[in-house]
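Have a look at the structure that comes next, please.
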């Protein structure tokens, strides 16, 4: 079978990574790259003389060799560009977040279904080796019941003009959360602030409620003096800490837990019914590997096998339901806002 | 002037620390210690043969040499014991939180005022050398405008029978926050969970709103596999990180910041108006010293000078207003609950 | 069987720890404590009204209830005091290093043997829970062949008047090394320096040769701006790192190694014959517990069972042979100096 | 003035970095690149279609546009290749170590002097921003008298076929040491080991003596389970720690020291004459920047200005005198070996 002919649309910050990985992947072939900035494009394509450059999407879609398009433009343009590609019969891989609104995302999902085309969202962390190892640990039941997910993703970060800190950083955690636990939040409450006269929120605390007592919380901050990327997943049997800034021991599994016996008699407040367990710590080996290579391989496989990719359009739409609810919570001063259900 | 004659009531977990510090302080003299468990008391007092042991508060109050009483019993008993001491004309130092309800706290404050007695709450961190250094840095204006306060206080902690994680841990952060910034929150929203079949919340995210855009957030958790005690205070000029578990560099001041010029023209979204500054890091020397020694010295000084102590009854009452609002937020599923004003 | 009646001689820096542990140990009973400074002694004994204080060794030895003596005086006095105790028929526990010279140590060993008395050296780290866990790991063969031992023990330390940094710090590492590996070095080379006009060496690099290619190295330093207490033990199968300043993960076992196949043909420099293995990291649980409690318990057991204690006089003498060779190496500008064999 | 026309000879591990930096430097122009492996070369040059590829040095030297040659081949070939280039009238930049023997290095130095050509050794760390900041701190006298230099450079590293761990890693530290302190060691003692059946030493402790009590020590290890790259420079006033693996605080200056007053009377062993000072810690900002860019810029400037570069051939020869002495020390079982003086 021949490699999937692809084009990359948008070669600003993230596009060059797509270019590099599509070139490197044996199942894909980069045919074209497109950007409104021809000079930037020439620079990005310098090492790849076989790839055609163009500045208009129409040129991309006119090329019969292009079977699929990867879109890495600003969020506001995702819907229009992806729509055009789908209408032109191309499979589409879109940067996160998939669109600017739930309605746009649902429109793309419906269109792709109608045309029997693949629509995939680049939730890149779901393909990171470290997250794969975490998934294996959780699926094997090592943590017992998963009780909570706590993520801190803070830095002195670049303020974005077109999105706030939630739209910029939360997609990473939300996609990881869905991938690892398979759970959807029912409501979200956000405490956010806009500092230093900026128009967009630059720090936010996002609390996510779930049906069954499970709790998730994200601390997102562009105004932190220190860079922290740490996720704690608490389980009834073991707990897991992912420190993405510690390359030597990125993942640690703590053999720690609390066991509380059901108390038949409410009056008997005997502390002996609570027992703590403090065992050792294990840091499993995490293979090297670029997450984006996994994204490209999965996309090519989904097209070849005519199946939904792991992070399909529907998962992109689910994420947008959470982001919209979070945005409403900000607008309503931190109120708890329900997350719309699928098809709602 | 002779040393202040004191008694300690309650010699369980914290009481022995009070005993030791009151003995060591040149301005105080420990006359008596009282606990319902005579054996425990004997053990605690073994090194101090000159201190009288007793099991009834009445014995304490009958002793003319006792001018002031330090109370370190369970929270539920604070009000009744402190009230009795004040009625008997004794100055009172109470463990945090000062009482179980705002009403109780206000009653004690009123009573002490009426009788011209000192009422102090043992907000011990306000006397820790590291917090003193932080206070000096903030008061000197080094941070510029203080933008946010973020505290993480998590551990695999002992579940308490009589209080939840908020009542156990938040008082530390709330007292530090008031001491450092002089600000009172106007509302509080809490996302909390009770895991492992326990009756009390064992993890909580407490978000505190202030009038002027300032934001504070506490992550409190008895179910964390790792112990973290880290506070970040973001300022417009510099930022500060207090890592209480790094004895060699407990405090770091980051010469980092973001400057955003006011934009006369909303349409002109020029990123050049945002500038980042990344300078060095300074870790000021933090003197050694036990915080509780400072508490005892301040209490003795306040009594001697007939003035309010730094962490007086009113500050204890203010903290209870926040704790009560937090508890209501938990009860109302994370709703934003206003914090009652003083005298409200 | 009744508890072993003991006395502590020397209540300066370390003696109070002996006092506390001998009081606490069920197999021992502290009868007397002795120090030339009566005021210091009174302070140390305040919590223990049942213990007799005295300022002369003669008083200790006149007390029939004293069956064994623990000596924690300056090194220069160890030999004379221990000798007197042995001559008076008492078992002896001596602080490290056991004596000031090999000759003194051998004299004590011979005397104790002659009188059938227990002579033990307080090599306290051999009783630390973390070292016990390391011993179990090594004895179980987890590390494969043990290849090297590298220890860094540095700090801005108190300069000692009577000993240099080698005599102060090396005993810890030398006793751990002997305990863990059972090996004796054949030669020692020391690079040392005396800085800041001081008479004693305040930093030293101590390299220890062994017969079989095994190498040990100690970096000892009183002049370091940072405190490091880290030991690496390299094995052919796994490697171990002990970081004594990381209470949460004091010990880590790295499933890492290098495998090199014997090369039949010298000319064939095929790198494929070398293979690296990088697996996970495990941090075994280290139980809490004070090492000195283990010292006291072992001493009492050795007396009761009429057997040599784990760290007996002979091990104290072996350590002195290394220390003397190290001192000669310093005197000879870093020359490699053989370590005298037992009975040499 | 036109840019310096350059060729890179050797495009294995390090050569591609030279290629990239010579292309990027405004003062240099990459004309040719040469490697015996044409396929590897094609891959390296793919992004740079304007650069000529060739497999023979003769082709390089036949090209009139090539004014200077950068050599990044195995050490054993440095001398022959550099000699040929110098004889052909080309300036030469050589990878570290500059040659395989002192004699070879001195031959190159003499030849370059004779022909008035620039000969530079790529001691790349001397151009690293962090080392530049350290140099400024030391030159400003902030550390007071510099007392010692302690470097740990360990990892589970790739075993090299043609050099041992000393020749591989020590050049980094030796060049930094010379650059920062301007001092030359008078003798070297090395404790080394060959583990796992390997022919080359894979771990070594290198102690360097200096005339005036200054001491330097390097721990070099390819067999460590953990990666450490940490240098401590102790001074009489302040001390400095460079942790190259901590990107956020790569450099720390500790305001710590020991002051010892000269003691007129040897008998008066008064500890009060020693005083410790423990102040804060400062982590100066280290600008971003690739060290190799500085190497290339310095080489171009030295050619243009007809002056010796900072790390000239003579410094390369001085390093080889130390490496040869170290090798002899290994061969003589760790003996202290004098380092030959310049022109010796």
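For clarity, chains are labelled A, B, C and D in written order, and residue numbers in each chain start from 1.
Here is the rule we go by: a contact is a pair of C-beta atoms (placed from the backbone, for glycine too) under 8 Å apart; a residue touches a chain by one contact, two chains touch by 3 or more.
Just so we're clear, the structure is a prediction, and the values are computed from it rather than from any experiment.
A count of contacting C-beta pairs for B-C and for A-C identifies A-C as the more extensively joined pair.
Averaged C-alpha coordinates put the centre of chain A at 39 Å from the centre of chain B. Chain A and chain C have centres, each the mean of its CA atoms, that are 53 Å apart. One inter-chain figure worth recording: chain B and chain C are separated by 43 Å, centre to centre, where each centre is the mean of the chain's CA atoms.
Shared contact sites, meaning residues of chain C that touch two or more other chains, fall at 226, 248, 278.
Taken as a contact graph, with one node per protein chain and an edge wherever two chains touch, the assembly is complete, since every chain touches every other chain.
Per the touch definition, chain B reaches chain D in the complex via residues 248-249, 255, 278-285. For chain C in complex with chain B, the residues that touch the partner chain are 46-47, 49, 226-227, 248. Contacts from chain B toward chain A in the complex involve residues 147-148, 150, 152, 156, 158-159, 161, 189, 191, 193-198, 203, 205, 207, 209, 213, 215, 217, 219, 221, 223-226, 232, 234, 236, 238-241, 254, 256, 258-262, 269, 271, 274, 276, 278, 333-336.
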